[in-house]
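Each of the next two complexes has chain A plus one more chain, namely chain B in the first and chain C in the second.
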Partner chain A sequence: MAMSPTETVAPSSNTKNTVVRTKPPKAPQTSNSSATNHDKPRTAPAPQLFESLNDEEKRKYVKDKQVGKGTYADVFVGHFASSPSTKIAIKKIRFNADFKDGISMDTIREIRALQELRHPNIIALYSVFSSKNQNLNLVLEYCPRGDLMELIRDTDNVHYGTADIKAWMGMLCRAVWFCHENFILHRDIKPNNLLIAADGELKLADFGLARSFAEPETRMTYNMTTRFYRPPELFYQARHYSGVVDVWSVGCVMAELVLRFPFIQGDTDIETANKISETIGTPTEDNWPGVTQLKAYLAPTNVVPVKRKPFYMDLFSSLGSSGVDLMMSMFALDPRKRATSKQVLQHEWWQQEPRPSRKEDLPKRGGGVEVMGDDLKRRGGELPAEGRADKVARKIDFGAMKK
Partner chain B sequence: MTEDEVYRASTQYRLWSFTPHALASLRAGTHALAAEKVTAARRSKRDVVSRPSAEGNGVDSNGAEEGRDASGGVANAADEVECLTLAEAQQLVDFYCSKAIELCNHLKWPAAVKATALQYLRRFYLSASPLTYPPSTIIKPTIFLANKTENHNLSLDEYAAKAKATRDQILAPEFIVSQGLRFTFDVRHPLRGLPGAYMELLSLADGTAEVLEGVGKTAEELQEELMALPHDTKKANGASAAEKAADVPSLKRRIHTAYIAANKALETTALLTDVYFLYTPSQIMFAALLLADTPLTTFYLTTKLPPASPLLPRIRAAIESCARILRAGPHIVSQAEASRLKAKLERCRDQDKLDLVGLDRALKRDGREEDVVTESVAKRRKLEREMSAREGEELFGPEIGRRA
Partner chain C sequence: MSRLAQRSGPPAARREGEEDDVCPVCKSSRYLNPNMRFLVNPECYHRIKNKFRKQTFEDIQVEREVDIRRRVAEVFNRREDDFNSLLDYNNYLNDVEDITYNLINKIDLDESERKLASYASRNQQTISLNVQKSLQESQNREARQVLEKEQARIRREAARREEQEEKRDREEGRRDVINMLASSDGDASRIAREGQQAVLKRSKTRQAAIQKQQQALSSDSSNGAPNGGFFIQGLKTKVEPVDEGPYDPFQGFSDKRKYFVQQNRYAWDRLDRLQKDTNWTAGGYDFREFCSRTLCEAFSGLGVFIGEEVTRTDPAFVGSVATVAAAEAGAGSKDIMMEDPF
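Here is the complex of A and B:
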């Protein structure tokens, strides 16, 4: 459990932890490193102008066939030149004539975040290189088994149980915790951004909306996260928020894994915000002090009291009592009361029966390489292509479930 | 997972941290490669120019000068002298870095954007030379890139107007800069940790600090020690230098003064020296604090580790050597000297990269055309790939049965 959060040794101080450490003498982990010098972190790399560094990178990868084509990016399957059996996905960002301000923000965000994040449950970015006409190529981990959305929606062919849900949720929660530990907000967690690798490992992908935690005074934009998975504070246009925006989305994914359709759906932002109010409870000064100060807060016409455990037990009994507790902690309306990604991982549900399925035993139907191609070509915050979304646009009348 | 492990996974550590020796040799190597290219290009051009038929194309004084060199027959030595030296090239980069700070200050941008822009510039010039990409053409695009990566999001038009540049001048080098940064945009700043240190010091002053395990003292004891700290004798603070901080308010004033001074160092000196390449953000932050108030910072450090920790001397040594660099400060040449260097650079620039805007336009035009013929290009590439794959196989002999 090298990635377990319990190994962090951060003192629980509310000020920023500023423990100093010396620069470690260890050699970096990169494979091409030849650092052997003991008390020095780095031996000198052979001097090269950056243009030749780029060509060298480019030659390491081979594109085989195109599996996705979009307005934003084209996706190819390829392999390492040095190891033809090791497959990769290459996301080639299209030169965008519409975006007039240079390299697009989505691209910059994605590259910036993925270059820093190395985790078994986060899609690996092996390299970035440019081809001659200034196209950016992102060399990504190969995820041939589709995405979690395919598995959730294929109710006829894919059957799974709580142990499987626990396994997927565990992988997702570790990925999200790791992002936050690196001060990165994902801001677009949803089932079709959760790809499945060949070995069944779940991979958080699409960092096109990701950003670093802002400094305390800095304002952030609120129109983030695909609508069904967006937390209430973003609907209310909060400009200062934290990692728990992602935790809300994780809660939505957990609910969707059980229900097999999105828990909170609306055709517009306002409708979806109202759905949160109806489904989870209406945000008020009582349950969320300060909420009425948020810019887009609308005084509710009818106040639905925050749902209590029996409501969730009815819908999600398969998760068990503590699973429901966990989900409810992710659906706290007030972001300050919502569980952090670390608290989520510390929840007792993970320790309880059933044990999470081993990744190799997880259901693996999915749409395969084409789904990966489809997922990777998208720009952050976009819903999947029409055809796929239509198939799944089901609604549920939560009003009828009340009582 | 410790903070160290998180930091070691960062690109700042993996790609942009060096020993002083490695840093120097990287710069020297880059300069040598760029200078060699310029010299070689000049030699071949001179060969052409010396033939009268090609003379009409000679651009400006350059052409004439080279013509003279060529007629002189042995011009090698003259060429070498003309090129900016490694030291001069670095002086020019440093000079423009200070100009970049001025521009960011003028724009009233957050310190994080400025700090990132500066670090981009310094990183870029590790694998690129001013001979190829003069800093005057690179700073504005780089600052704009930092504006995007730090989510500051000023639009290009607004920026171009404020920075007094055209859109093309800002966008054309963007890709070059990103490539030079090896597409790593994240920079970890000591500025980020400083407010945390400030808050911790304040709570130490209040006697409410959460004490780390192993330090072996209570918050109250630490508060008392803090009160009794002498002032920095070297600092010319007049009468107050001899006094001790007698009460909590004056102690807090002292901490605040140190914080402001450290913050200033991190926003200026730290950005203009090599400390980011040589030390971790927390080491740099502590070094800036150490310069601002040595007794205070030395004491603060003891609240972070058990007194007997073998790490303590090593950490101190790292912080002190970083502080020495900050204390020495950057050596920014005068405007007059910079003008001389610029004039010299104009004579020895890489002639292939004179017009970045034009080059960029040509690239993008090609890009569009290529998009149109994507299929044929793809087909051709596929054939080439298959060909090379076949050749690869043939290297080891044909596979049995495959040939039929």
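Here is the complex of A and C:
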């Protein structure tokens, strides 16, 4: 994998993550020895040394209750043995007999990518160790406030405006640009892989499909990215693509933040590719030279002209004209015409009103059972606990009243 | 209000058959005691006005209250997320309710109007900001509806097309049967039956496809149920951020490379060839990205002094990624590349 051009990306003033920084993230002798070991089975340290280093590492963390479940992993909240108040997440990869050494490529990709990337908007990997039954454990920064999908879907309890959307988008775009700057493609950007840290910071997570930029001769797999967020070149099975595959997904997230449901949806790959053609426009040699040569290109029965600005303004006016321009630049069908992650950050939208919300002011998830209870808002018809009579504040639905 | 209904159990049960006795303001029926007609429950702020008690269901009174409430809400439009805590928000709601109550019931009318006006003038910016936010929310709701309408249109069109195709199938089927009958000496009724079945089968397959599409479309909109309504929302204890300087999208990070400057183009046969190949260009492969990476790898050993690095292997070392990455490069651990498996 590529070395980080790391001298170029010194964090501005971000030294507060002391937990992260106390561990040299890539020093082969310490925390990541197990990962390195799996990367290079033949040059692994002598078993005994490995075992003892691994045990030492394992003892530093205490696993508490389970908080999530992925395809190949269970995720737990835990804490440092030495500091019970410092929470961490432990992503325990289930042993998978299908793979050599029981470890899937996804896991190796994830560990490698996260080792390279240190950024406030990218989930931090503190350490890796193995536990019994050869399960690999990734020790990650803990994100107690759920993911962006939960916020987007909870239209009843979570209200947000353009300043909030801009703040989330800013954090996402920073993360994506940083990945690309370090020659890593994420390839699975979607709202439920965007976790929310305790301080409101958005964290790009789940690097299971990430890979480094390819040598030109290397064929890359196209079967990446969750369907709704997948760019057209991957539907057409392009084998040589670039960072702008992620930019398309970012555009999908932007649209979804406004609409509060996925912009481009389909039950199957073909259906979704058709949806792109209907919603964004039909890829043709005119708007995308060479597209018909791509392996899975399907000649359309019905050519929809590429949608122009008024279409987007109808749907996304709340983002303002310049926000719509930015979104359209991410939905360019031809990847060569699509904005790069750097161009996205250079866009004028970020400087325009409204200014992105501060992360501490961003809406929080609408609370499940735990958050409900005494702290409930008082609304119409509710009695205050002490039975105070005259000042019951309530939310009133005038619209429903007047009919 | 649904949450509250759960919590306050009994009133919900009492609701039965009392549809008309619902308070026009808070829509709760609990303030009416069914045993004592129009004896107002002391929990509801309506209790003070005798006059009101008689007029509870008169539209004119309702309208007036609604107007006052709307006027107040336009000014006191703080949102819950403006507050540090729910307690602060509730306190604010209570204060607003005081003013509202006084205005409705003409208590300290001048004083209340003055409070309203002075709050409005002192908080112009926040008020319009929150108007803006609500506007955005409703625009977003509208956008959802626009898209839903569009999808409905697609559905209708598909249904129409389906109908036409079915008609055409039927006609073709009939023609087929006629042709078969004309050209063969087979059993006429069997041929007719088979012809019919073929039509049926064709239309069934299509139906299934259409059903699936409709399911997809309806699941599209299930997330987007608009939650309408106009809410009085909360007051603010936080101050607006004072000038923080312009927003920096790069957040202090830079893509300047320390050891090299990348040119726009390199004379390099290997790339020149591929750059003309649509297999690369049409997929969007970016040769500049590749050059940037190659250069970076080539230069990443510079500025690394192995002697310094070696002493830094103790775990307490607060390392920058730069030096560690460079150390690995310097120490020749580039074999983590393995065969490219992706």
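Criterion: the second predicted complex is superposed on the first by the 307 of 403 C-alpha atoms of A that agree within 3 Å, B and C clash if a C-alpha of one lies under 4 Å from a C-alpha of the other, contacts with A are read in each partner's own complex, and residues count from 1 in each chain.
Simple rule for what comes next: a contact is a pair of C-beta atoms (placed from the backbone, for glycine too) under 8 Å apart; a residue touches a chain by one contact, two chains touch by 3 or more.
A quick note: this is a predicted structure, and the numbers were derived from the prediction, not measured.
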Note to self: Tell me the contact category for A:F316 with respect to chain B and chain C: first, second, both or neither.
What the structure shows: second
- Message: Is A:V62 touching anything from chain B or chain C once the two structures are fitted on A? First, second, both or neither.
- Response: first
Exercise. Scan A:I103 for contacts with chain B and chain C and give back first, second, both or neither.
Key: first
Pick one for A:T218: touches chain B only (first), chain C only (second), both, or neither. both
Report task. Check whether A:F50 is in contact with chain B, with chain C, with both or with neither, and answer first, second, both or neither. Result -> first
### Task
Examine A:S130 and indicate which partner it touches, taking first as chain B and second as chain C; both and neither are also allowed.
first
Of the two partners chain B and chain C, more of chain A gets touched by chain C
Open item on the list: With both complexes overlaid on chain A, does A:I111 touch chain B (first), chain C (second), both or neither?
Closed with: first
Chain A residues where the chain B and chain C footprints coincide 2-5, 7-13, 21-24, 26, 28-30, 40, 43, 105, 108, 112, 116, 118, 181, 211-212, 214-216, 218, 220
Within their complex, chain A touches chain B through residues 2-5, 7-13, 15-24, 26, 28-30, 37, 40-51, 53-54, 62, 66, 95, 97, 100-103, 105, 108, 111-113, 115-118, 128-130, 132-136, 181-182, 211-212, 214-216, 218, 220
Note: in the complex, chain C contacts chain A through residues 1, 3-5, 7-8, 11, 23-28, 30, 42-45, 47-48, 62, 66, 69-70, 79-81, 86, 89-90, 93-94, 96-98, 101, 129, 132-133, 135-137, 139-140, 143-144, 146-147, 154, 212-213, 215-216, 219-233, 238, 241, 246-247, 249-259, 270-271, 274, 278-287, 289-290, 292-293, 296-297, 300, 303, 312-313, 315-322, 324-326, 328-329, 333-338, 340-342
Within the complex, chain A is touched by chain B residues 1-4, 6, 8-11, 13-14, 17-19, 21-22, 25-26, 28-30, 32-34, 110, 112, 127-129, 132, 144-145, 148-149, 151, 153, 155-156, 167, 170-171, 174-175, 178-180, 182-186, 192-193, 195-197, 199-200, 203, 210, 212-213, 279-280, 282-283, 285-286, 301, 304, 311, 314-315, 318-319, 360, 363-364, 366-368, 370-371, 378, 385
